[in-house]
Every structure is written in C-alpha cells, then in structure tokens.
Amino acid sequence: MILQADAGGAVPISAGDTAWLLVSTALVLLMTPALGFFYGGLVRSKNMLNTLMMSFASLGVVTVAWAAIGFSLAFAPGNAWLGGAGHAFLVGVGVEGGAWGPTPHLLYAAYQGSFAIITAALISGAVVERMRFGPYLSFIFLWSIAVYAPVARWVWGGGWLGTLGALDFAGGTVVHINAAVAAVVAALVVGSRRDYGRAALLPHNVSFVLLGTGLLWFGWFGFNGGSALAANGTAALAFVNTLLAPAATLVCWMLLDAFRERNITAVGAATGIVVGLVGITPAAGFVSPASAMALGALVAFPSYFAILHRPRTRLDDSLDVFAAHGLGGITGALLVGVFAEKAWGGKEGLLFGNPGQLWTQAVAVVASAAYSALATWLLLKLISLVTPLRRPDHEEARGLDLVQHGEEAYTRGEGAVLVQPR
Amino acid sequence: MILQADAGGAVPISAGDTAWLLVSTALVLLMTPALGFFYGGLVRSKNMLNTLMMSFASLGVVTVAWAAIGFSLAFAPGNAWLGGAGHAFLVGVGVEGGAWGPTPHLLYAAYQGSFAIITAALISGAVVERMRFGPYLSFIFLWSIAVYAPVARWVWGGGWLGTLGALDFAGGTVVHINAAVAAVVAALVVGSRRDYGRAALLPHNVSFVLLGTGLLWFGWFGFNGGSALAANGTAALAFVNTLLAPAATLVCWMLLDAFRERNITAVGAATGIVVGLVGITPAAGFVSPASAMALGALVAFPSYFAILHRPRTRLDDSLDVFAAHGLGGITGALLVGVFAEKAWGGKEGLLFGNPGQLWTQAVAVVASAAYSALATWLLLKLISLVTPLRRPDHEEARGLDLVQHGEEAYTRGEGAVLVQPR
Amino acid sequence: MILQADAGGAVPISAGDTAWLLVSTALVLLMTPALGFFYGGLVRSKNMLNTLMMSFASLGVVTVAWAAIGFSLAFAPGNAWLGGAGHAFLVGVGVEGGAWGPTPHLLYAAYQGSFAIITAALISGAVVERMRFGPYLSFIFLWSIAVYAPVARWVWGGGWLGTLGALDFAGGTVVHINAAVAAVVAALVVGSRRDYGRAALLPHNVSFVLLGTGLLWFGWFGFNGGSALAANGTAALAFVNTLLAPAATLVCWMLLDAFRERNITAVGAATGIVVGLVGITPAAGFVSPASAMALGALVAFPSYFAILHRPRTRLDDSLDVFAAHGLGGITGALLVGVFAEKAWGGKEGLLFGNPGQLWTQAVAVVASAAYSALATWLLLKLISLVTPLRRPDHEEARGLDLVQHGEEAYTRGEGAVLVQPR
Amino acid sequence: MKLIIAIIRSERLNEVLEALYRAEVRGLTISPVRGHGGEVEQVETYRGTRVKVGLQDKMRLEIGVSEPFVEATVNAILESARTGEVGDGKVFVLPVESVYRIRTGERDEAAVTPQAPGAPV
Amino acid sequence: MKLIIAIIRSERLNEVLEALYRAEVRGLTISPVRGHGGEVEQVETYRGTRVKVGLQDKMRLEIGVSEPFVEATVNAILESARTGEVGDGKVFVLPVESVYRIRTGERDEAAVTPQAPGAPV
Amino acid sequence: MKLIIAIIRSERLNEVLEALYRAEVRGLTISPVRGHGGEVEQVETYRGTRVKVGLQDKMRLEIGVSEPFVEATVNAILESARTGEVGDGKVFVLPVESVYRIRTGERDEAAVTPQAPGAPV
C-alpha cells in the first residue's frame, strides 16, 4: 500500500488487478465480523451481543465517517500532515485508475476504508463488558477521523513518515500500533471491569474464538496481499508471507505453551495466529519467505510473555489488544528494519547492511504511538464530559446485552411473556 | 447483469474478468448457507436444523432444477416471455465467451444459478417452524422453474421488462420482490405457527444471526459487484455502493432504535444491514456513491416500521421476509428511478430529469409481484392437494428437528441408548 | 493441477490468472478451519477444542514442514519418485512464472501447500476424542513429509503415476484416498474410543457441522477451480462441476434418507455434500457438466451404505473419513476413467472408447492407497515407541479439552476461582 | 411450610406461570430438566448411529409455600399444566422444616410472604 | 411416598437408567448439575488467567417412588453408579407428603403407578 | 440429616462457596436456575416482538448436612449471599430420611463425612 498523490492522466483499468483488489476489499471487510467473533468468544455470554456489536457497528459508523471525510483527510491532495477536503463525500472519486495503480479510484477508497473500519473495531477489545454503547459509537466515529485518517496520511498518503522512508507494507503502525495504543488509553480512561482481578472472567465460547481466528486469517490474505494493489509478484510474496509467518508463530506458541504450561491451549493457538498475522503485516511485501518465518517465530515471544503477565497488572486491557496488536505491531515494524531486502521489494534492512532503516522504523513507531495516545485520551475525555462512559456496577453485573441492547444472545424464551402493542 | 441473447462469434476469454466472475459466483453461493444461519439464529432451537436445511437443500434441489431446465427457460433463445429448451441440461453451454462478456458461458450459467438458489431459499423465512420438509422441497424445485426462471427472463434474459427499459442491476425485482411476495403467499397458504401471537417466539442464538449477516454482506459483494460480469469500473461502483448503502442503513437503523426503543438491538442491526443490502441491489451499478448512501438511509424507514408492526397482524411472515426483502426491494427498485445517472452507468432517473424511469420501475415491480403471487399460490395449492403442508400441532410443538429430521441440533446425548443394527 | 518440471525461461505474470490463484489459495486455506467445524460439531462438547485444534494446528505444523522440505520433495527437480532438496526452505522459489503457468512460483508453492495442510487434517477425523495431541502433531508433521509429498510427486510433480497417464484433477488420489487410507490405519493403531459401540456418541452441535460444510463447499471452489492454475475455461468447468456434482449427490442422499430412514437428516445432507465434493475432485476439469451430475449422483451410493454400516463394525473410524473420503475418492477416481472427455479437457474415458484409462486410474488408486497404508503404519508405530498415543481411560472420559488443553469450549465460569500468579 | 416440586411440559410453562400468578404465588424457581415416563421414545439417527432417546424436555418448578396456600397452588398447577396426553408430569409436595429469606434473614412464613423492598423488616 | 435424589457421574447415566429400568422404575426426571466433593480440582488456563475449577459435571436424578420400591431403587442406583473412585456421588431419600399425576389428577400411589394412556381413570 | 436448598444470585456464587468452605462444608451440588420473585421485570425486544421476562438467572445449591452442621451452613449462606437488594433468594431446609455415599454404600452421617479415598471403610 504505497502512498501517492493524485496523478495527472487517468490510468487505464486492468481487469486482473481490479479483480484482486475487489476480492481483497471484500476479504478485509469480512475481518470485522470475524473480529467480533474472536472477541465475542472471549467474553462472558451476558456480554456477547455487545461485543459483537462493537465490531459490526464499525461497519456502519466508520464507513460513513470515512466516506464523509476520512478518506479525504488521508488521501486527498493536501500537505504532509493532512489531506484537504477535496474528496469529502467521495466527490471527485471516480472509476478511473491513477497513481495508486490501474484500478478504480473508488475501489481504492473502499479498500483503504476497510482498514479504517477494522482498526477502530480493534480498540473495542480493551473496553468490552463495561463501556456504554452510545459513547463507544461516538468515539470510534471521531477516532477514525481524528486519529486514523491523519496517521494513514503520514505513512501512506504522501505524508511525512512515508517521505522519511518508513516501511509499513500493510499497517503495522497505521493499524496495529495505532489501535493498540488507543486501546490502552481507552482501558485506562474507562477503567477496569468491576470484578476484574477478583472473579474469574472466562471465555464463554472458545469455538467462536477459533471461528473468528479462521476468518481473520482468511481475510488477512486480502489485508496483506491486497496491499500490493495489484495481482503481481509483490501480492504473491505478501500473500505467502501471510501464510508462513503466522504458521511459524503458531508452532512457536504451541511449543511455549507445551513447555511452560504443559498444555497447548486453543485460546493460545488463536492468539498466536493473530500475533503472527500482526507481526508480518508491516513486512509482508518487503522480506523473503525465509525471513518471514524467522519474523513469525520471533514475534511470538514478547506477546506470549506480556499476555501471561497482564492479568496480574491493574490494566484491564481485557482482550489483550496491546499485548497482541501493540507488541506484535512494534516487533514487526522494527523487524522490517532488520529483514527488509531490496531484492524482495523493500529497501535493505539491518541484516543487509542498512542499520539506518531500523532507526526510521523506530521513529514511525514512536510518532504514531505518541499521537494515538494523546488524541485518544483527548477524545475520550471530551466524550466523558458530555455523557458517562459506563453504566452503574449493578447493571454491569447483569450484563451489557440486557442493559444496553435489551436482548440476550442465547435464550430459550422461558417465562417470557408477550407484551401487547403500544 | 444486463441481458443478452446468444451472440454470434465466440468472444475470447479475459482472465481478469473470469477471475472476478469465478469469485463472485463462489461468494453468491456462500450466501445460501449464510442465510441459513441468519434465519436459523432467529428461530427456536428445536427448529434450528429444519431452518438450516431449508437453505442448504436449495443448493441441491434448485441447482439441479436450474441445470435441468431453469437456465434454459431464462436465458436460452426464445421469446420475450420465456426461453426455449435449447440449453436444457446445459446442452450447448460451453466455455467460450459471448454476449454476456468475455467469460465462459458455463460460468455465466452457474452465476445466474447462484441467484436462483438463494432466491428460493429466501422464501423459507416465511414458513419456518411449521412447514413439512418434503412439500417444501417440491415447492422450491417447482418455484425456481415456474416463477424464478420466467421473471429472470423478463428482466435479464432479453424479456419484455428489460426491453421496456426497467433497471434492475442485481435483482431487486427478480430476486427480492419476487421472493418476498412468494413468502407472503406461502405464509398465508401454510398458515401461522400454532402459538403465533400467543407465545413469545424468541431467537435462540443471536450470535448466529450476526454470523449469517456478516457472511451475507461478504457474499453480497459478489452478488452486486459480480453483476457487472467483468472486473471493471462498474464492478467497482457496484461493489463500493454495496458497502456504502448498508452502512448508511445500519447507522439510520441504530438511530431509529436508539430514539424509539432506547436500545440499539443486535437483531435490529443485522436486519438493518440486510435491508440496506436489499435496497442497493437494483441500484448498485447505476447510482453515484453519494446517492447510494442516501438510498441506504431512506430504505431503512419503510422496513423499520413494517417490522415493528407486523407481529401485531395476523400474518405470520415469521422472519419478516416481506418487510425486509419486499419493502426493501420495492423501495430500492423505485429509488433507482430517482437516483440513476447516466454518468454512473445507468439511465437518467427522476432527479436527473427523467421522471418516466420511475414509472417503468413501478411497472416492473407490479408485474413481477403480481406474477409471483399468482404462481406461488397455484403451486402451493397444487402441492397441498397431493400432501399436507404441515404436521399436526402436537408435533409442531415438539419441534421440526425431531419430527422431520430425527435429530437435535444441540445434544449432550443424555439418556440416549444405542439401538442395535437392523 | 497438471504436473511439470521446472521450465527454462521465466514466464511473465498474468494478473488475471494470478488473481484467481491468489483467491484459490485463500479459499483452500479456509477449508482447514472449516474442516475443524465440520469435525468439531460431530464430536461431544468435551472434545470440541481438541478436535478444532487438530485442524488448526495443521496450519502451523504442516505449513512449516511444507516450506522446509515438503514442497521440494514434491516439486523440485528430482526423479520419478521424489524431488530433490533444491527448494528446501523455499530457496530458489521466486515470484516469476514458469512451467506451472503465468503465476508466481512462490504462490504455486503456497497453493500446493494448502493441499498438504488440509490432507493431513483430514486424517484427524479417525482418531478424534482419544489421541494425544503431542503425538498427533508429530504424526502430521512427519506424514506430510513422508507420505503426502511423495504421492504428490508421483501424480502432479512429474512422477511415475502422472507419466503413466493417471488423471487426478485436484486430488482424488493425492488428497482423499491418501488421507482416508491413513485414517483407517490410524484408527486401527490408535484403537477405538473406550465407549465406542457401547454408548451413544452424538454430535454436540449440528449447526457447526453445517457451518463447516458451507465453508468447505465455498473453499472447494478454490480447490478444484484453482487447480486449473489459471482463470480460464478449464477453471470455469472445474468450478461449475464443483457446484453441479455435490448438488446431485445432495439430492440423491436426501432421497436415500427419505426412503430408507423416513427422515432427511441434516448430518446426512452435510455428509452427502462432502462426498459429492470428494467425488468430483479428481474429475472436475475433465468431464462435461452432465457427466459431473451423473458422477455426483453415483458417488452417493457406496458412501451412503458404508456410513450406515460402519458403526456396526469394530473399526472406530469415528467421523467416517474412509466412507466419505476414501470411497468417495475411489469412486471419483475410477469414474474419471469412465466419464473423462478430451473435448472437455481430459483424455477419453471408457464411455468415449478408451477402457484403458479406467485401468490406469485403478493403478493410481491402488498405488497411493498401498503406500499410504504402509507408511502411515510405520510412522505411527515409530511414534508409539517413543510416547504413548493415548491417555488413560478415565482421562478420556473427562474429555480431551480438559485433559489435553486445560480448557473448556463452553463455560460459564461457575465456581472457577482465580489462582494467584506464580 | 411446604416445598412443591412440579415437573411439567415445557410448552405449558407460560400457562402455569399465569395460573400461579392468579393463585397469588409470587416466588418460584424453575429449571429445565429431562424426564422419562410413559411417553413413546423418540428414535434419532446420526449417520449410522441410531439411538433411542427416552428422555423428553420438561420444566421443573420449585415453589416454597406456607400451609394455607398449598392446595390452591397445587390445583393451579394441575389445571394449567394438563393437556390430557401422556407426559403431563407430576407434582410432589414435600415437608420443609424452615425457610429463610436471604435478603432480610426472616424465617418461615415471613420469608415467603411478598414484601415491598423498602418496607420495615 | 419418597423422593429419591441421586447425584451421579454423568458417564454412568446410561448404566443407572438401565438398572432402574430393571428395578421397574418407570418415571424419573434428570438434570445436569455440577458438584463439589472430594475430587481433585482441575486447573484451567485462558491466556494469562489461571483458574481452579472445583466443580465437576454430574447428573442429578429425581425419582418419586412409593415405600415398597424405595430400597430396590436405592440399591439399583448404588450398584450401577459405583466406580469406586472418589466422586461417585450421593443418594438422598426425602419424605413426600403427596404426589399428583397432572394428566389425571390422581394422588399418591396411583400417581406414580405406571398406567396405560387409554386406561380408565 | 437435612437437605439445604438455597437459591442465590449467580454472581454471589463464589462468595457463597468460600463461606461454605470456611464452614467446613465439603460436598455440595449446584445448578443454574431461573427465578421469579419481587424483582422488576426486564423488557426485551426482538424486532417487533416485545417481551417481559419475569425470570432472573439464579444459582441453586443443594447441600446434604448432618444436624449439627445445619445452623452453621445456613448462616454461612445467609451472610455470604446477601446484597440487601430484592432478589437475594431463599434457603429451604428439608428433612432427609437417609443418605448414601455411592462409592462405599455408607449411610447417613458417614455418607456425608469427608473421608480420604484410600481410608478403610
């Protein structure tokens, strides 16, 4: 997903490249429901629908925000920090090819939008089982405009980080670090679940966790493979690395589980796969398949131990967004600076004689993390001035499905009595 | 999915377009299982398998009907009302391109078949939890031949509605209005569930409803995007509108829920997404992205209020096929006549100075609805002469899974005793 | 998936063909999680996670094995029996086209790898609910190298069966017969479940079985359609046959169920679909659509009756891998020799005047079955020398999820007490 | 003090709850159970495995009532749960030694007498 | 009239049902429960969260029998449910004041005596 | 011998289990139930269908204890399960005629006295 400014003459459409970008967009859009199941399986059944809705709603709210102004801020002509309003409401976005490649402009806008949608949804993992739904909706709406769009500009939209030479193939900084830092801030501002650290809060349906994982991996082929914006060798490389790296992470994670816990857990395997996917994201089109496997194996370690440790801290990042996406994203973003190779489409990294790249990568990590932290904090504080972010404790105890949505995920209708029409 | 008669010389295959049509066909075929989960989650657990099977069986029964004769009736050379038997059993359908585009004829037949399959399955939502399975199978077999194929002919196969100038990009009339009207008739002929209106009949698994919704949306990108029959600008437009419109519907629906019910429901969100998808279907390749969003927002209203009202009527259209697909389809089909633009691939609509198009759209809506109603009624009456459409009440109370399929969806096997071999 | 040796000059990449191969690879990779749900729904809930993990783990373990050496053994330059180590760790595998077509070499390797992954996972159906997880992991790792890779070599990698003229479009012998024979051997070596034949071991979640089926069918379009290695007429033929054949099998299976059992079962429908998919696999790109339907109908019979009969035998092939994949694969592989037509891309079969092809097919069936049986037996015996293949009976009674993974698939956390950090 | 345990058809639950409401029973506890009685057994088939399921889904009600209410409560159940087909279920009346309301610690009669949340204890 | 409540291992259910059948017990009601007793606790791990689960899945049987059948019924359960390992469960015998068959309104002995559906009441 | 049946709030289960542990209760059986009492009813909406759900999720405990332990056990439950809000639940104490430990066939007191698995019977 290399950046570009709007180019001059229209580029003719290539059917093959367009076919792949169409499919990739659909695949990335599937990841948001998939995330809902990954997250939803990990919460208690009384909060299942709320957790699912935190993902599904992003498909509505963030899509509208993106079409209205987000895409324009990220990719319309403008400066190194922000695009202009030239493409607000997708004005001037047609079906011709352009600087992004021989694919319709509108499709490119939708593809980029699919990234904004899932990034916002990722944050929800840190505030599940307690945050009120209305403020959450406002938050992701504003966040996608005020945080996601600018960072996307910097890295992919012709902004300063891209110009600096930071490599981020499919969103290590823009998507994962960005969302993960926002998640930590959100967990701190919203506060812990009332019974966090005291009661055992267990996943109500690990099958759904694995269903989500399977669909996430499937969608991720469009996330990384599609970021080549064409059906070419780079797409193939990114695709294959998206298979190899998480496979290596999974093997590594299972070995860690086997040696440390004597049990290879299913939740662990699902987590390992996601961590591997996150790790390879910034690197997918820049490193060799062998490097991808090495990166996949390495990325397991920080996340594995962070996840073991986190529940003993007071930070109720409930579904470990930071440990998985933050640490995975940071490790991946830095390892690009180590493993990248010109021969495979990137620039040379540390291993190939260019230690400077590692430094550039670190700048990108720090810059996006710092901005995300600050802006997220401001947004949440702003919202909390208008309306409380949580429900009273006894309502939280009943579960957000009942209290926020007036529904139960699983019911046999025992003792439910029809209310006559109003 | 613009109509065509069989063309003269063979058109060479385009790999890019074929790739997209292959994918689109697979996506549309995935929608039928997805529908099973959407519908299945909404029924009580004792009828889960029956409801799922009503969708899955369509993949068998309607596919066979389509290959045997349906495709031929809809798309083989013939007259304005019906095709001939020239392509019965897919005779003469090869792998060359033709009037439909630079893609294999056989693939085109399968793509069209995937629409017939889901259309038939849509009807089941009106008769779940009570209709006998055998008669249902006969019904969808016959219906796909006697109702779906002719209407497809009229609109897409070079028939009179297409000639009249009716616009239906991907199936507002052919698929949604057609199925929804059939659904109402079926609900009337089969009758209400025995406890309809007296007991609270609640969804047994809202998670599955959302799973179905996610997969339906994913598949719908092939449904609408693929209807361009090529990987070109129109495909991109249709695809992107299939993202924007339902997003707008979803936002609208959540706001309606929030203001009227004080609760944003998950079942509501799922319904809203489907309604938005239905609404954009006839318009996807004919309207601008901004119009698509407007259309998406507007289409929410009739369905929202119809769904609120329906349970107070005596019409047990159990899963609101008419409110979602009928009203959504009608609103969408009429709004094409308002929002269509030549610049975006359609003809000019009302807003662009051509009020006549709205009239043409209305004709198409009425014609397909009238035919569907009449023919569906006849078919069901015919079947009911041969065999009853329902089981006795006490069997319905036990649930169709046990009574019709001899299985339970969820069992722990408590107290089940192996029966020795016959 | 026609074989080839490495060709001379690099073939330029075709975007359209590459797009389809990218998608097909993703689709086949989705089949492994799908298989997990198909299998998982059929076991008792206390073994759900273990069963899911047997599939998911293959995505880790077999991927690594394939990249390390499997691909090289199957497809690197070598002899008629085995490839060399030239492509070990994917060395020398780049993004240029070659003898396999105008698609990146790396992508071709991944596509082939996706077949190895699911083939290994298929075996697990015969040993669920009892085999220890560690030995299982070692087994599939070794099996994919020592059994899958050689057989793939013979048929697709320029090996002796391919040279002999055996037709196997997408894996009747390499995938299904190979896995099914291994499954029988594994069931025999590992032994029956402790309560097999005495207690009623019922599927805990038939909805998941159907979910898996839907996703398997979806993925199978990439399995068979992608085996054309291009987005051309052959891909379309293989794709459409992958719709028609299982549809015919499903109809046939439902009729058999209706007449023999008086109940059309959902588990039966799911099984019928899979059997139809297996049956058409070796034939998909070689037979006419009409023949595909005939083949689909015929393939139902052996599997249907074998599945009825198996539980009365002492062979605890728990999820009927042999009846579905073995008999389906054999019937399909032989029927290729009957229905294949040059006009549709194959060679002439029995019906078209070439009875010899049937004989060649039989040789391929017997050779792959024999090798698989022998090698699987050796591998399992080897592993059992190092570590036991099973847990003691009372642990099996508690369920492998608890005993092997330290987790429960579905829990409400009742009475679970947090353990303080170590 | 008595504890009334009733096993009824799941599909009659709403009728029974209404009847109990009319009989001024305000507190009760229910749970889903499976029962075996005189009903015909269901045969289920999963692939080649054929099983006889001799257990039907039922609903179990547990109601603590003081002596004067026993008869009315039992009658309310008997009438509302009856369909006349085999499988309607049973009602058991068990003696109870003491009952406590957890919220207030009240005992026996007082523990099962409805009481406004804010009322003096 | 007695109500026999038995807590048994889930995996012994079929054996117990068979034994009860042989003991001519025709009506009973079961439900899944979780029990705590002398068994070792299971440790489960979900990511960093480690929990001790002190409850085991058990099956609960509830059987109303008339006096003469009590002993036979209890013995049938004791014998068929026993594995000899900790966790086999308990049997409680409770007094019952009255039993009703909902379908017919019959009381006590008559209510638990098997009876053909069409037989005169 | 008594059988103590307690209906408590699901979310107090862990506290109650701990309190029982401290009261030296070693065996018990629990099951999820739904209860109706004085609590406000929840309204749920599924599309146009609006329902009043008058049942709340509760947890049911069943504990067989010998006489000397009854009071301590009841008190442990009363104290640990109380929140003071309507809906805290009830405790019933029922007479028991006999108890058996399935594993050993022991009766009454012996049946509910914790005992090492290997100890002589």
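In order of appearance the chains are A, B, C, D, E and F, and numbering begins at 1 in each one.
Criterion: a residue touches a chain if its C-beta (ideal position, glycine included) is under 8 Å from a C-beta of that chain, and two chains touch if they have at least 3 such contacts.
Quick caveat: nothing in here was measured; it's all calculated off a predicted structure.
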Shared touching partners of subunit C and subunit E are A, B, D, F
Subunit D to subunit F: how many Å between their CA centres? 17
Using mean C-alpha positions as chain centres, tell me how far subunit A is from subunit B in Å, no decimals. 32
Measure off the straight-line distance from the CA centroid of subunit C to the CA centroid of subunit D, and report it in whole Å. 51
Per-residue overlap in subunit E, given as positions that touch at least 2 other chains: 14, 17, 30-32, 34, 36, 44-46, 49, 51, 54-55, 85, 94-95
Overlap residues in subunit B, where contacts from two or more other chains coincide: 14-17, 19-20, 23, 199-203, 205, 211, 261, 263, 265, 267, 312, 406-408, 412-418
Considering only which chains touch which, label the overall pattern as line, ring, star, complete or other. complete
Residues of subunit F that touch subunit E when the two form their complex: 3, 17, 26-31, 62, 64, 94-103, 105, 111-112, 114-117
So, in the complex, the side of subunit A touching subunit B is made of residues 13-20, 22-23, 25-26, 29-30, 32-34, 36-37, 40, 48-49, 52-53, 56-57, 59-61, 63-64, 67, 89-91, 93-96, 103-104, 106-107, 109-110, 113-114, 133-134, 137, 205, 208, 211, 401, 404-413, 416-418, 421
Given the complex with subunit C, which residues does subunit E contribute to the contact? 11, 14, 34, 36, 42-46, 49-55, 85
As the complex stands, subunit A meets subunit D at residues 412, 414-415, 417
Can you check the complex and tell me which residues of subunit F touch subunit B? 44-49, 51
